[in-house]
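Next come the structures, one after another.
Both complexes shown next keep chain A, but they swap its partner, so chain B is in the first and chain C is in the second.
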Partner chain A sequence: MSLLTVKGLTTEFHTRRGVVTAVDDVDLTVNRGELVGLVGESGSGKTVLAESVVGLVEEPGVVTADSIVFDGQRLDQLTESEMRTLRGGKIAMVFQDPMTSLNPTISTGEQIAEAVRLHNDTGESISLPAELKRKIFGAAKDTESWRRAIELLEEVGIPEPSVRVTEYPHEFSGGMRQRVMISMALAGEPDLLIADEPTTALDVTVQAQILEDLKSLSQEFDTAILMITHDLAVVAETCDRVNVMYAGNIIERAPADELFANPQHPYTQGLLASTPRANKRRKLDPIPGNVPDLTNISYACHFAPRCPESTAECYDVEPEFRSMGPDHVAACLQRDPEVSDRE
Partner chain B sequence: MSDSSLQSDDGEPLLTVRNLKKHFDTSTGLTDRLLGGGQSVKAVDGVDLTLHEGETLAVVGESGCGKSTLGRAILNLHQPTDGTVRYGGEDITHLSGKEMKPYRQKLQLIFQDPLSSLNPRQTVNEIISAPMEVHGIGDSAADRRERVEELLVQVGLKESHADRYPHQFSGGQQQRVGIARALALEPRVIVADEPVSALDVSVQAQILNLLSELQSSYGLSLLTITHDLSVVSQIADRVAVMYLGEIVEIGPVEQIFERPQHPYTRALLSAVPRIDAADRTDRILLKGSVPSPINPPSGCRFHTRCPEVIPSSAWPGNQSTFREAFRFYNRLLHEELEIDLVRERLENEGRSTDTDTVATQLLDESFQMPIEELPDDVQTVMYEIARHLIEDNREQAIETAQGVLDSPCKQSKPEMQVSGASQASCHLLTAEVTPTISPE
Partner chain C sequence: MKAYIAKRIAYGIFVMWLVATVVFFGLRAIPGDPVRTMLGPEATDDAVQSLRAELGLDQPMHVQYIDWMTDLAMFEFGRSITKGGPVSSLLADAAPMTLSIGLIGLVFGMSIAIPAGILSATRKYEVEDYAATFISFMGLSMPAFFIGILLAVVFGVWIDLLPIFGYVSITEGFFPWLESLLLPGIAVGLPYGAIVMRMMRSSLLEVMNEPYMKTARAKGVNGRVRLYKHAAQNALIPVVTIAGIQTALLLAGSVTVEIVFGIQGLGQLLVDSILDKDYPVTQGVILVVAGILVFTNIVVDLLYTVLDPRIRYGGEQT
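This part shows the complex of A and B:
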């Protein structure tokens, strides 16, 4: 069932000021066709974790892992060129700002068609001269990849795809551009789509549309989605399971309904208490202080200095996951494990 | 039309905005201007609002609706094109920079991005004391320094932070410095443009709480500009919903969140993702994108996207078929129907390109259901329009469409309708124009 299994992943950046441990010994599982949320504030390491999985961490970052298994394949043992085939193919990505991820000088159709050619056997040449020719003289419109580009635009809900396919990124609105990105991601018929803050730059009415699209595409193509976001409400509405990250660690993991109904980790509880709700005013209970600097953190639980419940023990003893209920774990020494549910 | 019903008992509002307009000229040079080549972007187009002593009014809307321009036009940072802004009874709309100076002290601004609004080369002490110096507050530097330290403590920072530089603070702390600077002149009104949208959730809550505390201790009036409806319900007393340069609904937060009158407000609220499953309502997905403010739609500006658009009395079908036919009509008017491309596609597929086939194809693409499944009267009308268009007779097509598809929402601008303490501008709220055919 499991599509992606990450065990013991650590990503460190060696800087002049010291070692920044952006991701600290993290386990993560994504099942086939499942919508998994990875939620955290800025600096929690959620984006670096995803980049580490797909081999996009650059110097001076160093990724180590016990194992990263995707669809039976050890990703941590692949060469860069094998990894590149996988990215955009079986594992696709969508980022926050679609404008910076699209080439402004090439029609959207040709950009999608290129993704189709690279990851599918369309019988069209993908040699450098052939690709250059298409970029300079325009896409060949009587091809399989071009027809597929139109189909993909239609699948992500762009009206009049056969007209829009010839247009350039600047002719699209923000929401439409994000749909173009999603259609490119779908070109390789991915098993896993990593969506990093896919709706953060969009208006709320457009966000609603894109989230609906992602959900229905996931069902239609049985694609698993790893949704990375800072927005608890987005996760609550779209995801099956949620991982909460704080300062490099996943500190709580549970099915979405269970997490929001019954949060256990003091950080998750604090985050929910500080989130305003659209329909009721209540006194917000903010978490005091700020997210810590991840350089050379010396204490065991990274949340301890901001935690209302922390004791001296929290600074010394590494908190292991404790079972809080069916499929629900939290890494906090102050929580009694639910004994009945121990494996 | 008057919003006297919104005024609190203590009479005269602190800030009164009447028919405020801010249009930006897009002409790029003298020749452009002489030849009339430029167009005007109607960023704010006739806004009325009032702000009372000690209240928080939130202006909410999507990007490009003109909410930030409104805030700046009220503060006279953008010279308004038309309309008036009164502060405490004085008209401040057309004051020069010099004449504006005493009012600047009373009207302050907090920005979205705290770092870019703070001079990186100045210490916090210099940043906060600079406006005091300009307005002659405090007798000496030492005096002002003392005041700076007081302010820092009030916004939750330490006295010793006065000697630090902006980059030495976290985002939340930088926003606190920005707030301290705004407070330095003891203003009566603060315009906060997306004050927390650049901050993390846990820090955002700290700043929202701080703003509420400061407001009650200083008796400040707050005009908050935001895209975030959760923030609105958290801090505002009243809310104004903006769409394409106009306020479509304004009133007390609870009333508008619980019983929104305008279809746009309803759609906006339904789109907000909710943490608590019980709060979720059926989502109203809006079709199409926001039209350009250069040439905004006639009548009600929301009519091109409105899910509740009122059918014309001549329409033979129901509201849902009208909605789709109406979208077709709007695309016809904006020359977005590309007959050549439809023909080309049919040719590529090896199908006939006679008028009827092209018409069917065109209509099928516009309606969610196959055209044959629509009521006969609707089919007849739509085919007639499509045929005119295919035979290159666009005027005739528009004329036919006008006859059956001119919604009252397109023909005339809805007036603000008062309902309790709130107001909304929608034809559905006026007695004279009731939908002839109810939505199925």
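This part shows the complex of A and C:
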């Protein structure tokens, strides 16, 4: 059953140099409890896509969509205050850099407890004076939200949670901070967790632990995860289905195993060829060129200039998704669609 | 923390000693003779010699220096050459006026600057921002004494709302005191507030772009709570630095503003004593001002520990 269905989402930034189309008419589906990967290079628009869904895009960004449906609710028709109750509640986010994503002047416990109060009925006031009082005089320790904060810290595997809850972010290591971020995201028992490069800023050993934690928490809370990453290893490790994004478009989607075994789009193939693998000593084969400037792209397939297989047609004809196998589609004119047309 | 404060105070005393030494020799390097200034051009050499001996100015420089240092160690500032009385009582009369002006300036400047800075940052490139920016540039580009003259003309002469001359001690009541110092206080507070406001604006704009502010948004925190609970404290950290450093501006401003408003504060005393070559008074005033600045710096450093949980002094285990 689909939890999030995005249709025709476009996000444009109106800058002095022109209109930057960061996300260009994208469809995306996340099913309940599913782990979905959104993969692409930096600048491919994956973060903007996720932020557009939850209404985090700020001026001068403009989001338009045919529809964004989350749990039967049209997100694109909600007001900012309705959206706010969803954000951090049913849809939570974890960001890339836990070093800078936690507020240095608020205790970790209070940062988690605040999320608890906002999205659960704890009977505690969340008015500005009440919040300022907590900020200045410290959080009350005998409240529901504080107890829940300790539980959440325990949930994500932080030792001695009742001690650490009063500590400030700078007293935590990088991996621990990311756990704090995750516990904050879990405060509203989300149905969808958007994890934006959750392991990029961490040591490799910590990365693996965090990914394991996310997977098991996803199962425990029946939370779907949209995993945004540039790291194919992360996708291989965690995801059920993968969306590959390039220059504002999703260009291929497939189950994770299928994608790694049988990549179809030339960009996906290039991406896999440029990823080092420990067990196969071979020459890395990087994709030539760079991600294009997204201001006023005039050609149809955004990958065409870098594509080894592109023809004149690629510059003129918008590539539609073609079925490449069960549940597998790629947007490339150079691929013959599979006979059994599925999408 | 206690060890840290003790260290800071010891360091402050060292700074005061440096200031005292530089002032002592610096003053004596300025050409001119205090005794001749005092007695006038007609004075006989005998009279000059005897007064010089009486004041101890006939002693070699190093003996004078050691004498003065010994006095200072006992909080004695010596006697005024031209005015006769002990320097400490002159300072005790003048310092409260200057401190009062500075304090009113500080309170006025801060209470305008912080809200204006917040308004300016949250309404960036809107009417409120431009208005606050315009006023702050006015404050930045006009010297305090000029603002003082304008204020005196408008509120003292045209509207006749506030006194423009003299000082009423706080012992005669809070409101008479405030009334007598409001205009000079505003005159020094406006340029001060202008700088603090600019800092508050840019600091808050920077904090608003920090990733943790996005975290707060993603958590569903509303705009006002984000501003006052999540952003304000972080934004204040650099503002406190600037506000502390600029305390010197408050004091410098009050020197000239005192003259505009006919207040016999430290500024007036300093200017008079330099013109009269009244070494002990000049030295005393400069030491008091240096003391205020050293004290302010210690207060600012301690404020950091309140504002920023990452800062702890004295190797305390956190």
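Definition applied: the second predicted complex is superposed on the first by the 340 of 343 C-alpha atoms of A that agree within 3 Å, B and C clash if a C-alpha of one lies under 4 Å from a C-alpha of the other, contacts with A are read in each partner's own complex, and residues count from 1 in each chain.
Note that a contact is a pair of C-beta atoms (placed from the backbone, for glycine too) under 8 Å apart; a residue touches a chain by one contact, two chains touch by 3 or more.
What you see is a predicted model; the values in this text were computed from it and never measured.
Engineer: Tell me which partner A:132 touches in the superposition: chain B (first), chain C (second), both or neither.
Structural biologist: second
Engineer: Go through the superposed model and pick first if A:230 touches only chain B, second if only chain C, both, or neither.
Structural biologist: The first partner, chain B, only.
Engineer: A:209 contacts which: chain B (first), chain C (second), both, neither?
Structural biologist: The first partner, chain B, only.
Engineer: Check the residue A:274 against both partner chains and state whether it touches chain B (first), chain C (second), both, or neither.
Structural biologist: first
Engineer: According to the stated criteria, A:176 is in contact with first (chain B), second (chain C), both, or neither; which is it?
Structural biologist: So A:176 only meets chain B here.
Engineer: Based on the superposed arrangement, let me know which partner A:287 touches: chain B (first), chain C (second), both, or neither?
Structural biologist: In the superposition, A:287 contacts chain B only.
Engineer: A:28 in the overlay: touching chain B, chain C, both, or neither? Say first, second, both or neither.
Structural biologist: neither
Engineer: Could you say whether A:324 touches chain B, chain C, both of them, or neither, answering first, second, both or neither?
Structural biologist: neither
Engineer: Common interface residues of chain A with chain B and chain C?
Structural biologist: No residue of chain A touches both chain B and chain C.
Engineer: Could you pull out which chain B residues touch chain A in their complex?
Structural biologist: Against chain A, the touching part of chain B is residues 62-63, 170, 172-173, 200-206, 208-209, 227, 229-234, 253, 257-258, 267-277, 279-280, 283, 285-286, 289-290, 338, 341, 345, 365.
Engineer: Within the complex, which stretch of chain C touches chain A?
Structural biologist: Those in contact with chain A are residues 210-212, 214-222, 224-225, 228-230, 233-234, 307-310, 318.
Engineer: Name, in rising order, each residue of chain A that touches chain B in their complex.
Structural biologist: Its residues touching chain B are 41-42, 160, 162-163, 173-176, 203-205, 207-209, 211-212, 230-234, 236-237, 257, 260, 270-281, 283-288, 290-291.
Engineer: Would you mind writing out the residues of chain A in touch with chain C in their complex?
Structural biologist: 54, 56, 81, 84-89, 92-93, 95, 97, 100-107, 114-115, 118-119, 126, 128, 131-132, 134-135, 168, 170-171, 181, 184, 188
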